[in-house]
Each structure stands twice: as structure tokens, then as C-alpha cells.
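Two complexes follow with subunit A in common, the first pairing it with subunit B and the second with subunit C.
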Partner chain A sequence: MTTVKADPVPAALAEPAPARRRGTPYRLASSSWTVPVMVFLGFFFVIPLGANLWRSVATGDALVHGPFAFYAKLLGDAYYAGILAETLKVGVIATLASLVVGYPVAYFMVRYAGRWNGLIVFLLIAPLLTSIIMRTFGWRVLLARKGPVTLLLHDWGLIARPTNLADDPIAVYVALVHVLVPFMVLSIVAVLQQVDVRLEESSRVLGAGPLATFFRITLPLSLDGVATGCILVFVVTNGSFLTMLLLGGGKVTTLSLLIYQQFNVAQDTGFAAAMGNLLLFMALICLALQARFLRREGVKA
Partner chain B sequence: MSTPSLTAMPPRRRRRPNWAALALGAYVVAFLGFIVAPIAAVVLVSFSSASFITFPIPGYTLRWYWRIIEYRPFLDAMLVSIEVALASTVLAAALGVPAALALARSRGVPAALVSNFLLAPITVPAIVLGLALLYFLASLSFGLSFTALLIAHTVAGIPYVTRTVLAVYRSLPPDLEEASAVLGATRWQTFRYTTLPLVRPGVFAGGLFAVLTSLDNLPLSFFFGSASTSTLPVVMLSYMENQFDPSIAAVSTVQMLVAIVALVVTDRVYGIEKLTAA
Partner chain C sequence: MTSAVPLKLAEISKSFGSLQALKPLTLAIGGGEMLALLGPSGCGKTTTLRIIAGFEAPDTGQVLIGGEDVTDLAPNRRGLGMVFQNYSLFPHMSVAENVAYGLKMRRVPAAERRVRVRRMLDLVRLGQYEDRQIHQLSGGQQQRVALARSLVTNPSVLLLDEPLGALDKNLRERMQFELREIQRRLGITSIIVTHDQEEALTMSDRVAVMAEGRIVQVGAPTEVYERPRTRFVSEFLGTANIFAGTVADRAGPEDWAVTLDLDRAPRSLVRSPEPLAAGRRVLLAVRPERLTIGPPEEDGIPARVQDVVFRGSYFAYELDVPGQDGPVFAYSQARREVPADGRVGLSWPASGAIVLQDAPSSQNSPASQDSPASQDAP
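After this line comes the complex of A and B, so read on.
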């Protein structure tokens, strides 16, 4: 390849720049450089997930009661169906709460923050430097029976007597929103930055109120960022179990937490594999949705 | 932003304070308090002299930091965590960077498919990946070993390194490497002295993400936890299930400091803005 590249040099002397541009650009790396990582991921990513799929349809009960025995149990049994419903419920509530909490912040960052923007971005990203255990533990501290939030709520008369709010299901949602809202804010900011402020001003000049302007101009134009953020938050919520394990007093059980518990208590490999595949399936659906959104955006552009 | 308009509009909206913006600003301040509160609470509690959670803090002590040193599993696990994070990131870079260099200059469907494939591990919930890998590696009879832990974290780290190097290398013109080749450098010399220095910010940014993710990847690590291969989050979780004292707060604070030091060092070497650009 080097020799082929060396050939145009005399031509380049005669007519420098354009001659070189027309040829294919120099390539250092040939496609064979992708082989090691493909082999590695093939062996330690594709095969294990494939084996997991196989295990869920061809081991234990699946051999006795037909290949989809585990899945039928997951979807048919009232207890497991309830956990699936709980998983979806937690995902939807956490996503909507992150959206409602995060949108105004994103809007402020794009329209008003100015020189404070850097500080806000820093404070949004800084929690990523702390472990998820630290953040969850932090909520246990704040919401403890003698924690600051509990005492404050008691002082304001919002709760009758101090109790351990960390074991209340609300703690799960608070902690989930805390972990996820930065992703939502940054997703929305990325899109909102491209919305021309003059469109909002025109709307106001033409007589629309601030709320009408927001709901009919700003929000529709930022919908791509909202969708990206929502899907991201939903997927991450589905995959997390630590928040539900350490907060909520065991009252919020989702699919991820169930996998964790099943693995620690009962070692039913086939059933655990089936649950994992169901979780993976949900993540893939969300990704497909996201790909659709992105493609639509591409068509517009 | 207000551009100087041709029709010379009077400076409207300057007079009265913008109440909506002020209210929004107050909300954002409260929101940032919400973001910082649990982290600040943990740091505060790590110095509390009480062995249970109570406010206001009755007194201050460093004994929970002593506990980290006394309670061997914390220290051991911290070392395992750092070893796994660094080793898996180096391995992920060794595998991912050459592939990213090849893919960045490739066009067409196969290259796009391969790129997506390399990013795929990020989309699989870690708990599913961990479960699948444990069963698979156990069937090869090294399920609970440092090697297994390393493999799992490398799979999870490849997308981060690949993604940033792809982005950085795509934005570079091929001219410099071409010049290097024309001037007689071998392919290795071109890689070593031209390409690698150019993509190094991407490698470091992706590597930093991979390290930070690895340090905190409980759902992936807990499957491979044996006495000698438990990472810090795994040990912290099992500690918390048995007792609830501020030593967890002290460990968390130390872990946060380690991450901050890693970030500051990377910033000193390459600049934070390059990290967020990719």
C-alpha cells in the first residue's frame, strides 16, 4: 500500500494538491486490525449470550415441559407477572419523574445559565465520580429516622412522626431520579441548544402566552432529546437493582433484583437465564425505538 | 442571542426583572442541592463519632478511616478493584484501538455493522452479561477467578475505548499519516510516532470512562466474587447487609477521592474539554 501511495508523487510535483485528493486517502490500519477484538467479543460476548438463550429453552424444566416453560412461568405465574408489571411501573415512573424534574434545568441551562453553565454541567457530571453505593448510602443517611430530611419534614409538619423513610418505596424513586436525571438533562440540552430562540420570541410577539409558547413551540421542537433521554433512563432503570436492594425496605422488587436474589438464593440456572433474556429483550426493544427516532431525525436534517 | 438587528429595535425586555427566569434559577439551585446532598451527607457521616446515623453529628472522628485499614477485606478489595479496572482497560484498549483505527476510515455496511457490534456490550444490562459470562466461564472451569473478572470487565470496557477513538480519529485528516508514509516511515513508525500521539486524547478519555465504569460495576462483578476476587462494591454490599456503620461512608469517600485524582491527572495531561468533546 505504501508503494501505491508513493507513485503519485511525481504527478503531485506537477500539479500538487488536487491530484492527491482524488485518490483514496492513506490508510494506516487495514481491516484485519479488527480481527482480535472480533474474536474476543465473539468468544466472550456472543457465545455466552447465545448459551444463555440455549440454557433458557433447553435445561431443567424446559426439557420436561417444553422449551418455553421458563418463559411461560415468567409471564403466566401471578407472582412473576406482578414483578414484570412492577418493573415496567418503576421504569415509567422514574422516567417521567426524571423528565419533569430535569426539563426545567435543561431549559435554564440553554436559555439563561450563561457563565454558570460550566458549573451546572460540572455538578451534573460530578456524581458520576462517586460509586452508586455511595449515592444510595447517602439517601439512607438523609432519609434515616434521625436523618436531616426526615427531621426537616417533621419540623414542617409534613410527616406526623419521624420514621425511617429510607425503607419507604418513595426512597427508591427519589434515589433513581437522583442517579438518572443528569442523563436526562444532558440529552435534552443537546437538542434544545439547536432550537432557535427567535421561534419562541415570534410566538410571544404574535400573542401566545408563555405556557402556550412552551407547549406548542419549545416542547415539540425538543422532542428528540426528550425521547433519547427517556429511553436511556428507562433502560438504565430496568438494569439497576442496587437501589431497590438497599432502599424501599424490600417493597419494590423488579426483574433485575429478582435475578440477583435468584442467583444468591436458588441456583435455578435455566430460570435465571430466562429472566436475563427477558430483561435483554426489553433493552433491545428500547434500542430499536431509539434507532427509529434517530433515523427520523436524520431524514429531517 | 441578540444579534444587532437591521431595524434597530429598542432594547426591550431589559427594564423589569424577568420573574420567570428568576423562579427557574431558584429551582435550578434547589435541584443542584438535591444532586449534591446525598454525596455531601456521606462525606459528613464518614467523620461522625456516632456509630449509627444521627443528626446533628455529635462529634468528629477519623476512626472510620482507621477501620478501612483494620478491616482487611476493604483494602484487599480496593486493590482488586484497581487492578481489574486498570488491567481490563489496558486490554480493552489493546483490542479496541486498532479496530477503531481500521473502522474510522472504512465506509460501507460491513464497517458500520462491525462498529455497532463493538459498541453492543454497552447496551446489554450488566447483570445479564455477568450472569451469561459466569455460566460460560464456569463451564470452561474458571468461573471464579481473577481471569474471569478481567474478561468480564474487558468486554464492558471495549465500547468506551472504541467509541472515543473512533470519534477522535474520524475528525483527523489522513494527511499527516500520509506525509509520514511518503517521507519513508514504516507502517509501525507511522503508527507509533504519528497516529498514536494524535489519537491519544481519545484513548485516554475512553480509558477513563472504562476505568470509572469498571470501579463501580457491581452488577458485573458480584457474579465473580470469591474471597480473592471480590471488588470493592461487592465487599461494601456484603458489609452493608450485615452492619450499618459509617465505615461504608469512609470507604465511599476514599473511593471518590481516587476517582477525583484520576480525573485531575487526566485533566493535567490532556484537558477535560477533550474528554467531554468525545
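After this line comes the complex of A and C, so read on.
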């Protein structure tokens, strides 16, 4: 190895190649390596999005009643506005339910699981390996009139008589939470791991009970994870239609289910495109909120 | 400010799985006293502190604060103050909010809270920093906030878990005196856990040296330093040269002549208040600063200087003594003339050597520096 100091050759006489190599850090790839991905995304993401936008303002009714006819119908018509409200309601309820179910799991994993942590992560992720249709049909079986869950609830006296719970709106929420809780748990775990347990101990020594410690220390410091998890669950819920299609007996109709129907049944692609764009817009608002929220509240323990 | 409350640990023990972290341990700390729990990592000192705080429940025994059994009380009902190694300040609160937290939990009215937070921040000389965020403070300032937060509630006992471990050396030394000064002024019973022997000696009224889940020796810092009972204590608190030998005869009222295994002549002295029977095997500890380096021809143990290191306030001599495994260290204020061949003679006054309670290895084999030190007093 030669040292830089010992080099007596003037810079102009020195070989340029090694000098440059010393100056610029070694990089694995140059920016040209991103070209294939850019081309792929251009063809299969940007162009379809643009086409969808165009379809929503320049096909079918939009040609007759002006470019924003679909959007006007979507927001102005009582039926569609109701579905929009229902979509938001399902999203909010599924998100809150996932939070209530997921936070304790995340807390247990971070504070108590120890060497069982790996197993719990596996159990959380394993269901994601099966198709969502399988999981949803599983609930049809469990919640059927003579299904095990229904019979159990009846035995406990929680329901008056065995009914087909799979066609009750509650089934939609149960299945949604089932699918989405891992996202919530893993989002919260990632942040909760950074909250030093000694902060909780400090709070206890200073006279706070377990509940006060949770609400004043643990929860505020893990809000980043809660926000990430909530936005993730909310956006994914807005986009899911299989659960509403297979469970709830058609009583829970959301925007994404409507898109599916408009596209497959009514074949009104322009209207479906408009609804899709509205859904996309909602997701973008969520992401913008998250970016803002995380930047403002970001605290390192 | 606070009335001094004594603390007592009665026969507490704790196991984690198959590991016995604490063997039944009894310790009494007087009101207003500052006691240091000193030991290497894994010796059980932190476990002891966590049991006092209430984070761990002892398997057996009791924790008594002011004569009251608090063993089964939750941490928030014990009325303690605690400073953690990393300060553990709440990052989402300002300095004033951090300090006020304990008062808020005790439902102290807001007006009184403000006054007490102010007074406490003035005490730790952070009066101007009330509205700062935690991440805007330096390490030393964070340490002071942590101290203020733990003291503002007038705790009966203050627990300090390696409180200065994260600070750099100069700041640490300054904070040692500051912390000690505040503790004395408030007269609060305190326990400091540390692995830093200098910190323990500087800050405490008494030092409890721990090893392998038990207390090996408790006493005033000077007593523990000057009269360590075991080889472990002598080597953990400062540096000690350990020599094995056999008692020859009496050399003074409390002094005894010892024949060292490496030497064969009964010229080394040791002071012991208890009589030592002739022929008894003993292990001696001699502090480096008590060793005298003289010319080789005088009545000293022959040695050869290997290295001299300037340590700022003294010179450290590394010596090779034939028959002794490992180097012998001697500290001297003045630089001495060392002959070209490095040959010198070592000696010490009777008061410079201590008889350890460890049993030395069998005769004829010189005590080796790396033979396992037995920590159990006979």
C-alpha cells in the first residue's frame, strides 16, 4: 500500500485514472441501471394511469354531458355519495379495529416475547402466504349457520339463534381485520422497538401507574408507528373488494366493489375509471398526511 | 429538605432461570448515607438496584424503606427517585415538563408545580433551560435534568444507575462532585451503582464491593482501598501486586516477617492486627504506590525494570521479578535513575502490605497472577 503523502510526482504528471478513483467513491451501479425499471413503470404504470384519467373524462357519458360528468355523478348522486360514505366508514372502522387488536400484540412482541418473537412474526406473516380468497372463504365456513363460530357464540348466549353470520356485515369487518392486522402490528413494532423500556420505568418510579405510563409515555412515543399502520390499513381497506364480494351478503357496498361491478357487469369503463381515480386521490391524501405527520411528530427516543 | 430515611435489604435473593443473580444478600444503609454498589458487570449490582426500585421482585427476602416493608409495592408507590445511565428523559416533553412529570402524577397543583420545578432547575443550575427540548441539551445538561426530575418529588431514597457513565472524563469528574454536593445538601439516602472504582471511592460514604451475586466487602472508601479483604477486592479497587509467602516470625508489635515464595529470605514485612502463626501460608497485597524501588545491592527483592510509563501525576514502573508470574507495578512521583541493566531492589514498609483472606496456592509454587482469584472469604 502506498501512502498519499509519500507521492513526490506532481499532480499533472501522475496517472489520472487512479487519482480520480481515489476522489470519487466507488459505486455499485450508475444511474443508467435504472433504465429498465423506468421503461417498465412507464409502460405499465404511468401510461395506464394516464389512459384511465383520459377514459374518465372523455368516454361514454363524458362526451355527452361534459368532461366531469362522471365525477359530478359520483359526488352529486345520493346513491353514489352514500357509497362513498360507506367506503370511508368501512375504512375507519376496520382501521380502528385493527389498531385495538394490533397494538397489544405489538406491545407484547416488543416487551415480553423475547425468543418467541420470531415465532410470532411467522404466525403474523404466514396467513399472508395463502390467497385472500382462501382466507375469505374460510370465514364463510366458520361463520356459516352451522359453522363452529356461530355455534360457539350461540352456546355462550351471545346470539339468540344460529344465523348465517357470513352474510352479516360484521363478517366483512372480521375478515378485513384478519387480513390487515399484520400490517398494523408490524408498523407499530418497528417504532415501539425504539422506545426505550427505561422511559417506562422512569415514569413508574416518578409515580405513574401502568395506565398513566402507557397513555403519557408509550403511546405518544409510538404514534409514528400507529399513524403508519392506520394509513396502511385504511388505504388497503379502501382498495379491497373481494371481502365485500364474498362476505356480508352484498350489504356492504364500497367504491372498489362498485368499480368491480361497473367494469365487469355494467361495462361502464369511463365511470369505473372515474371511481378508480377518486380512490387513488384518497390514497394520495393519506400518503401526504402521513408524510407531513411523520415529519412533524418524528421524535427519536 | 427531606428527612433521612434508612433502607434495609434483608436476605434478598434472585434467580433468572438457572442463573443465580443474587445470593441471599443483607445490607443496611443509614439515613442520608451515600452507598456505592461497585462490581464488574454481571455481579448483581444492577439487579439489586432494580429490586429496590421494584422493577424486579426478589425470590426471597424483604426490602425495607424507613422500616416499612415495600417488597410487594409497585414502583410508583415506593416514593423513590432514580437516575438512569442514559438519563431516560422523555423526548416528547420539554425540560420543565420532564421535571414536572412526577409532581403531575402526584396531583400537585399547577401553581405549586411551577414553583418547585423552578427551584429544582435552579439547584442543578439549569434555570434558563425550562422551555428547551431534550435533544437541544448536552450530555451533562441532560444528566442534570434527570437529577432534577428525580429529586423534585422529595423521594425518600435516590437510586443512581451508572449515572455518569455516558459523560466524558472531565465532565464526569465535575459531575461527581456536583452530585455529591447536592446529595449532601439534601441529606437524601442514596445508592449509586457503578463499575468505576474511582467514582465509587469519590462519591460514597461507604462502598459495597460485589462479585458473583454477593457482597464481598463493605466499608468506608479508605478502609476498603487500604484494607481489602480478598484478592478480588484488592485488584478491582485499584491495582495490587499479589505475593504468596509463609509467615516467619514477629517483627514488631503488629508487624510480621514473611518469606516470599519467590525470595526464600524472611525480609518482607506485613502489618496485621491479628497475630499470625509462624509457618502460616499467606497471600499479600501491595499497592504499587507503596513499593519502593532501591539499588539492587540493598536488602530488597531483586527485580528488573521492563518499562517506565509517564502517567501525568506519577511514573508507572513495570518490573519483572524472577519467580513471579506476570509483571509487578510500582508507582512513583519522581522519576528515578534506573541503572543500564535495569536491576533494582524492591521493598515496602510493613504498613504497605496487607494479608488477604484468600488461601494461597500450595507451597513452592509461586502465586501466579492469573490463578483464579477466590472471592469467598473463609
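Observations
What we mean here is this: the second predicted complex is superposed on the first by the 268 of 301 C-alpha atoms of A that agree within 3 Å, B and C clash if a C-alpha of one lies under 4 Å from a C-alpha of the other, contacts with A are read in each partner's own complex, and residues count from 1 in each chain.
Definition applied: a residue touches a chain if its C-beta (ideal position, glycine included) is under 8 Å from a C-beta of that chain, and two chains touch if they have at least 3 such contacts.
All values reported here derive from a predicted model rather than from experimental measurement.
By the touch criterion defined above, A:S202 reaches subunit C but does not reach subunit B.
When both complexes are overlaid on chain A, the residue A:Y112 reaches subunit B alone and has no touch with subunit C. Between subunit B and subunit C, it is B that contacts the larger number of residues in subunit A. Legend: residue contacts after superposition of the two complexes on their common chain; A:I217 is shown touching subunit C, with no touch to subunit B. Judged by the touch definition given at the top, the superposed model places A:A283 against subunit B, while subunit C stays out of reach.
Touch criterion met: A:R27 reaches subunit B, while subunit C stays clear of it. In the overlay built on the shared chain, the residue A:L75 is in contact with neither subunit B nor subunit C.
Shared contact residues on subunit A (touching subunit B in one structure, subunit C in the other): none found. Of all residues in subunit A, only 2, 5-6, 9, 20, 25-34, 36-38, 40-41, 44-45, 47-49, 51-52, 55, 101, 104-105, 107-109, 111-113, 120-121, 123-124, 126-135, 137-142, 144, 146-148, 151, 175, 178, 181-182, 197, 210, 235, 238-242, 245-246, 256, 259-260, 263, 269, 272-273, 276-277, 279-280, 283-284, 287 touch subunit B in the complex they form.
Of all residues in subunit B, those touching subunit A in their complex are 1, 20-21, 24-25, 27-28, 31-32, 34-42, 45, 53-55, 95-96, 98-99, 101-103, 105-106, 111, 114, 117-118, 120-121, 123-129, 131-133, 135-137, 139, 151-152, 154-155, 158, 162, 174-175, 177-178, 181-182, 187, 190-191, 195, 212, 215-216, 218-219, 222-223, 232-233, 236-237, 240, 244, 248-249, 252-253, 255-256, 259-260, 263, 276.
Interface residues of subunit A facing subunit C in the complex, by the touch rule stated above, are 196, 198-199, 201-209, 212, 216-217, 220-221, 299-301. Remark: subunit C residues 53-55, 74-76, 78-82, 84, 86, 88-92, 101-102, 105-106, 135, 149-150, 153, 159 touch subunit A in the complex.
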